[in-house]
Amino acid sequence: MSSPTRSPLQRLRRSGALVSVLAILASFVVGGLLIAFTDRDTKEAAGYFFARPTDMLSAAWDAVAGAYAAMFRGAVFNYDAGTFLGMIHPLTETLTAATPLLTAALGVAIAFRAGLFNIGAQGQLILGAILSTWIGFTLELAWPLHLLLVVLGALLGGALWGGLVGWLKARTGAHEVILTIMLNYVALNLLGYLLNNALQREGSTNPVSPVVNPSAQYPLLLGPEFRLHLGFLVAVAATAFAWWLMNRSTLGFEIKAVGANRAAARTAGIDTFKVTVLAMVIAGALAGLSGAAQVNGTEKFLSESIAASIGFDAITVALLGRSRPIGVFFAALLFGAFRAGGVTMQIATGTPIDIVLVVQSLIVLFIAAPPLVRAMFGLNERRGKKNKNPKGAAGAPATVGGDQ
Amino acid sequence: MKLELQGITKAFGGFVANDSIDLVVEPGTVHTLLGENGAGKSTLMNVLFGLYEPTAGRILIDGEPVAFRGPGDAMAHGIGMVHQHFMLVPVFTVAENVALGDERTRAAGILDLEQTRRAVREVSDRYGFNVDPDARVEDLPVGVQQRVEIIKALVRRADLLILDEPTAVLTPKETDELIDIIGQLKASGTAIIFISHKLREVKAVSDTITVIRRGKVVGTADPSADATELASLMVGRAVDLSLGRRHSDGGDVSLEIRDLTVIDELGVPVLDHVDLDVRRGEILAVAGVQGNGQTELVEAVMGLTSGTSGSIRLEGRELLGRSVKEIINSGVGYVPEDRSTDGVIGSFSIADNLVLNRYDRAPVARGASLRPSIIAQNADEKVREFDIRTPSAQNTASTLSGGNQQKVVLAREFSRELKLFIAAQPTRGVDVGSIEFLHRRILAERDKDIPVIVVSTELDEVAELGDRIAVLFHGRLMGIVPGNTSREVLGLMMAGSTAEEAFAEADRSGRSTTDPDEPQLPGGIA
Amino acid sequence: ACGAAPEEGDGPAAEEIDYKACMVSDEGGFDDASFNQASHEGLLKAEEELGVQVLDAESTSTTDMGPNIDEMVQQGCNIIVTAGFMFENLPLDAAEANTDTKFVVVDYGYETVPENMRTLNYNTAEAAYLAGYAAAGYSKSGKVGTYGGGQITTVTDFMNGFANGVAKYNEDKGADVQAVGTDTFVGNFSDTVKARQIADNFIADGVDVIMPVAGPLGQTAVDAVNESSSPDDTVVWVDTDGHEYANGGEEAVLTSVMKKMGETTFESIEQDVNGEWKGGAYLGTLENGGVGLAPFYNFESKLPEGMQSELDALKEQIIAGEIDPLA
Amino acid sequence: MSTRTLTAPASTAGTAPAAGTGRRSLVLYSAGALIALVLFAFMSPGGTATFRLSAASDAFQIPALPVAVTPAGWTIALLLLAGTAYVLWLRRSGRGVPGWVPAVFALLFVSGVLIWMVASATNPSISLLSLLTGTLALALPMVYGSMGGLLAERTGVVNIAIEGQLLLGAFAAALGGSISGSLIGALVSAALGGVIVSSLLTLFAVKYQVNQIIVGVVLNVLVSGLTGFLFGTLLSGGAGLNSPPRMPNLPIPVLSEIPILGPLLFNQTILGYLMFVLVAVLWVGLYKTRWGLRVRAVGEHPKAADTVGIKVNRTRVLNVLLGGAVAGLGGSFYTLVSVSQFSRDMTAGTGFIALAALIFGRWNPIGAFLASLLFGFATNLQYVLSQAGTEVPSHFLAMLPYVITILAVAGLVGASRAPAASGQPYTKD
């Protein structure tokens, strides 16, 4: 909905920034408990808890504080680094990790707004990666042109895979959840096949592609010391585009209308077939863009695990961002930070990386349930101020099934 | 059973929907609640039925205070309710719906639907309902669904029956039948609370009338009071129920429908070779019992049906085969019969709903971009012009009451240059105050020399608005008759007589073929 | 929860030295029952026996691998072990940029290996060839089988070597033992139900020796064999010695194709700790003991007469280059 | 757009996958027949395809079934052509296509593909029996998952967290089984594991009305992280916490001796038998009992249920919890039957396939069961064929189950409608 009178900042405040902060805090506390309970030193000290209880408490505290401090150093600002560049290095890692998440999540979010639960970012990303790899190593072109072609290829690959879902859904009514899940696997196997055949690196027996030509790579933004590449700016541009699309464009209006009330949209003359297909095409194209960021930005070659879990994380990111482009942007940064911070935390303190998943999911849950957070922190729940329309607020289709 | 409500107050957050309401319902009487949309009638009934917990006040049954923790308790005390929006599970059969919550079972919780079927048949026979217990509810016409709701209450032996706007979707004949049934129930000692916006039937059934305005009881009225009086009491200002309209013969034929046939998914023709002309500046009212092809007629014109053949020409231009968008853009305005499903998008702002079918055209759009300032400005204008009751046009449409949602739809359609205006059931469930407003706006459109089609199952509305009246039965056109044709004749046509047969029949029975209420003006264009 | 509090200054058991040995896994993690785990055990052995400090990191995706290596460098690691081909050129780049740090790369190689790097590769086909030969000799049904987790070289080398060993047996003995499943892949390294079903299909088909090359999924074959109606069904385990390593391995594992990643990883660390770093490309073979066939334990007696000596002879031929196990 | 919409969103009942009608299925029929003609008849690899009907280990050996490939191919192709003509004729004369037509058509087509693929393998002989037993085994966790999902979704609570329920079930079975040393202990813990996920789902989705899809998606991640974390810190410590007891097969005397059917149906684990019982009980429960009537009402029209005194949210909570127990039990299959220990993310996306099966089966227990079987069949077909040494590259074989599902959903089943209230929290004032 276009609500030009409210700025994003105001909306953030209204959505209860305090609750969000508390939600994050609560998640870290739960994660901290897990860390403490499984920490080796803490367990050791617990063995003689009654003899010297402070040992256990301080051991627990050390474990938790150490882990989180390391995470902060790895994701935001490394106060231990000797140089300024070293200090801001973590931040650039966060941005790098956020890049593919961001575009894929934008795609998921746009599909959500059209009432489509797109679990297929993974497959769309893979198709984008396949095409951008292929263009990236077979062609010999000058830099900006080659990269441009790569990006177009990525968009096209994802758009095809997403559009196929939209088309099948609109044509046959087949459920998009089934279609996207199945197509993820088809894409993965297609990738595996190509990596053992047409896309296999010469002289290699492993399923990896050749390295893409330098002219097909996103140039590094801050020099060779940093992995941050132009793909990040492309993702920022994609966010701006998505914002315009969803808040200012006629197509976005149609997408939202179809997502909110298909019958009314049809009555108002909106071509629901076209919108369903286009929404999935755009969603797929954005996920495809993540494929380009992976291949032509960070990895430089294609492998079977090119999509990692980006396509699935993107769903969470999109939901956390309430399917609003700006929200998705910040959610992607948060998840990027976890990714970057998790690396340092794991190495510096030996805390298993899985804890990051736990904390991440708790954050999403708590942020989505403000009354729970208020209750946990003993803040009085304001009566009658009920979360009136939670499903609308979250921006996800409420149902998996059914043509709304 | 004697029911007393004492000081019932119900607040939603800060908003007080019921403000210490007192009410006494005597056994074997019909007590009518009258009030505008949003006056708080349904809320009060929901409190009584245990669906809402009252903020204050108490309920007494036969002098004993009772407390309901849920509808189960209310039913246990002999209260039955037919809700304004039917509480039937569409995919269930009648028997399953009736059984729900009060199931007969055999061992191990296995349903014994036979017992329920028997009970349904019993009640159905007693009151002549003619309901098949094994029919699936979603396949039934609304009138029958209504009866299923009543059966549900009766099978549970309700001593007090609440009927919340039971006639909103009924045809005149069904309404008459319902009134009969209410009479029978009353005679058997059942107390009835009746809610309706239709003053004619209110006058027909009520023993007592209580008028509610903005959550408060503002008085009682005598059923013999005249309609205008009741309306004024209800709205709190003088209401002029007669539109004082002039008849119009219309100008040139603008819309020509020829041989229009619509075949549904099962291959059954739901519209059968219909020919219709609509002239500039006239209102053609299309009457007919729900499910006889009116919906398909307007949807065919709008390009919303498939399996359509024939020809629909607007000013000589063929509409059939064009997309909905092209049809809208060629100047057809449309008020769909189900506003909340087809008319507005509940989660969109009122402002966005006001441009729902011209969001992609200048001035609302520039190229592929929307212009929020134009949308906002348009909204402010329309909210003022159409008196849409809302604190802000940025609120979502779902926060509006039905009448106000309808105003949004109308405002949207009237903000374009129209060449044809179609309104289906424009005032269904809307209170008299709003009806007056909506009717005036539709007439004003006609007077701008635009051809208008109004589809309604409401004979009052048909007679009120129609310059000519077309009647559909089983997808076929029974005839087109003058606007002042009597209810009697229209009723016969809606039951399947052709116009000639109907006039002959009415003549034979010696009744008037014209409506005495209708000022009989000879031709002449306004 | 009671007991005496330790006194201040109580150190760990091993004599700690100022040396950081570090390892980064690929997506499999350190409990993949395969190359990550085996190499990691070498690292843990170094911690215990050499007193080095250990840092380790699991990569959750390829995207984490670079940062993990960088972080290890930041942490001042003396030696960094990476396992798996997925690391590609990352260790090489890091080695070139950090010449003071040693790198050990498991299961991947480069044309030119810098001085501060040692690549560890294993010619598993050699040992798998022997296993295939032994399996063919053992099989009563005349059917043996193998399947992989995914179609990658480190997996298919085992499978092809095994199949060639079976063929060799047929050739030498004029037998007709079938090797099935050489193109059968679970499709991942985690879905136990699928892996188990493949093993069950094999068994139903009369296959009585199964060689699963699928990391943690290998356990499903051991369980399938232990629960099958025929006591003769067996498994050829890979990477480690399944007799000790697999759950229920004593009764099920005919032999194992060992790929001694733990030993060689440990050895690499030990070299550097002792100032004897050599670097370069290491290739584990039958000859140098980097790969090998585990003992047959209880199954020794069930093998055909003279099998052990035939295997020894084959081994010699392979070492001498007379047989190419992958041909 | 019709009178219906005045009351409540219309919805279809839980009927089993209905016959495909409409133009698109006609296209599909023709395409199927044409492919059959080209592939099975004209491009027939010839020779004989052998289908073995008993396992090598079976006491009772049934002779294998040899099929002459070319004649069989022609027969099938011609039958399919005839079928297409029949459908065309039915539609021309304005009649509906009976439900058995697409079923028989699909069966013939699949048989054709099967014969063709087997015949082109290096060793043109497969075991039909292990193809079928494997179908059941592969389907089992999916069936439990989709039944768990069904229990929740029938009350209008969307359950994306099936994957998490299976995984925590598998984990809990391993842990609980190891600690208690008993199968009962393992099963109870598995059910509890599923219930834990469910209780989080109800806490957030029912009590706090968080969008159900969000909760489900996130719970999967949470469980993956949590089990991964505990696996690393708790189970793999060598403390014997990851060695659950095994669940043996319990062949039913006599019955299990019946050729084909015996090994297929009467030589199962407890979980295997329970699966059949579960599907049957759920079907009867849902469509024939008071409980089922109420559950369906809550999922279709909670307000209507409320107005007749049914406690909507209580029903939802109970059902979601029960569904969690069911899915959790299914998860125990991983650690008690498939393999003897827990490993990271071992459910490998089965929960999502179960979700797809649930939708594919139109929220009907039998439909979901059949959908799971189809999926299990296609998966095992892939393995059986590659074992026989087919020419088709393994990656394409691996696509088989997914492609078949897409074709089936898009071609035959079309739109399936969820319970009408699905995803909508229920509140009243």
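Remarks
For clarity, chains are labelled A, B, C and D in written order, and residue numbers in each chain start from 1.
One rule holds in what follows: contacts are C-beta pairs under 8 Å (C-beta built on N, C-alpha and C of every residue); 3 or more make two chains touch, one makes a residue touch a chain.
Which protein is which chain? UniProt says A, D = ABC transporter permease; B = ABC transporter ATP-binding protein.
Since the model is a prediction, treat every value here as computed from it, not as a measurement.
Minimum number of contact steps separating subunit A (ABC transporter permease) from subunit B: 1. Each chain gets a centre from the mean of its Cα atoms; for subunit B and subunit C, those two points are 76 Å apart. Each chain gets one centre point, the mean of its Cα atoms, and the points for subunit B and subunit D (ABC transporter permease) are 45 Å apart. One simple way to say how far apart two chains are is to compare their mean CA positions; for subunit A (ABC transporter permease) and subunit C this gives 35 Å.
For subunit C, residues touching at least two other chains, in rising order: 151, 187. Residue positions 12, 304, 336, 341-342 of subunit B are each in touch with at least two other chains.
Residue positions of subunit A (ABC transporter permease) with contacts to 2 or more other chains are 189, 192, 196, 263, 267, 352. Pairs of chains that satisfy the touch definition comprise A-B, A-C, A-D, B-D, C-D. Taken together, the subunit A (ABC transporter permease) residues at the contact with subunit D (ABC transporter permease) in this complex read 34, 38, 117, 119, 168, 171-175, 177-179, 181-183, 185-186, 189-190, 192-193, 196-197, 263, 267, 312, 315-316, 319, 352, 354-358, 360-362, 364-365, 368-369, 371-372, 386-387, 390-391, 394, 396-403.
Every residue of subunit A (ABC transporter permease) that touches subunit C in the complex is listed here, in rising order: 46-52, 55, 74, 93, 97, 100, 189, 192, 196, 205-208, 211, 227, 294, 298-299, 301, 303-306, 308-310, 339-340, 342-344, 346-348, 350, 352-353. For subunit A (ABC transporter permease) in complex with subunit B, the touching residues are 1-5, 244, 248-254, 256-257, 260-261, 263-271, 384-385, 389, 392. Those residues of subunit C whose C-beta lies close enough to touch subunit D (ABC transporter permease) in the complex are 29-31, 33, 141, 145, 151, 178, 180-185, 187-188, 190-198, 200-206, 216-217, 219-220, 222-223, 227-230, 247-248.
Of all residues in subunit D (ABC transporter permease), only 1-13, 94, 284, 288-294, 296-297, 300-301, 303-311, 420, 428-429 touch subunit B in the complex they form.
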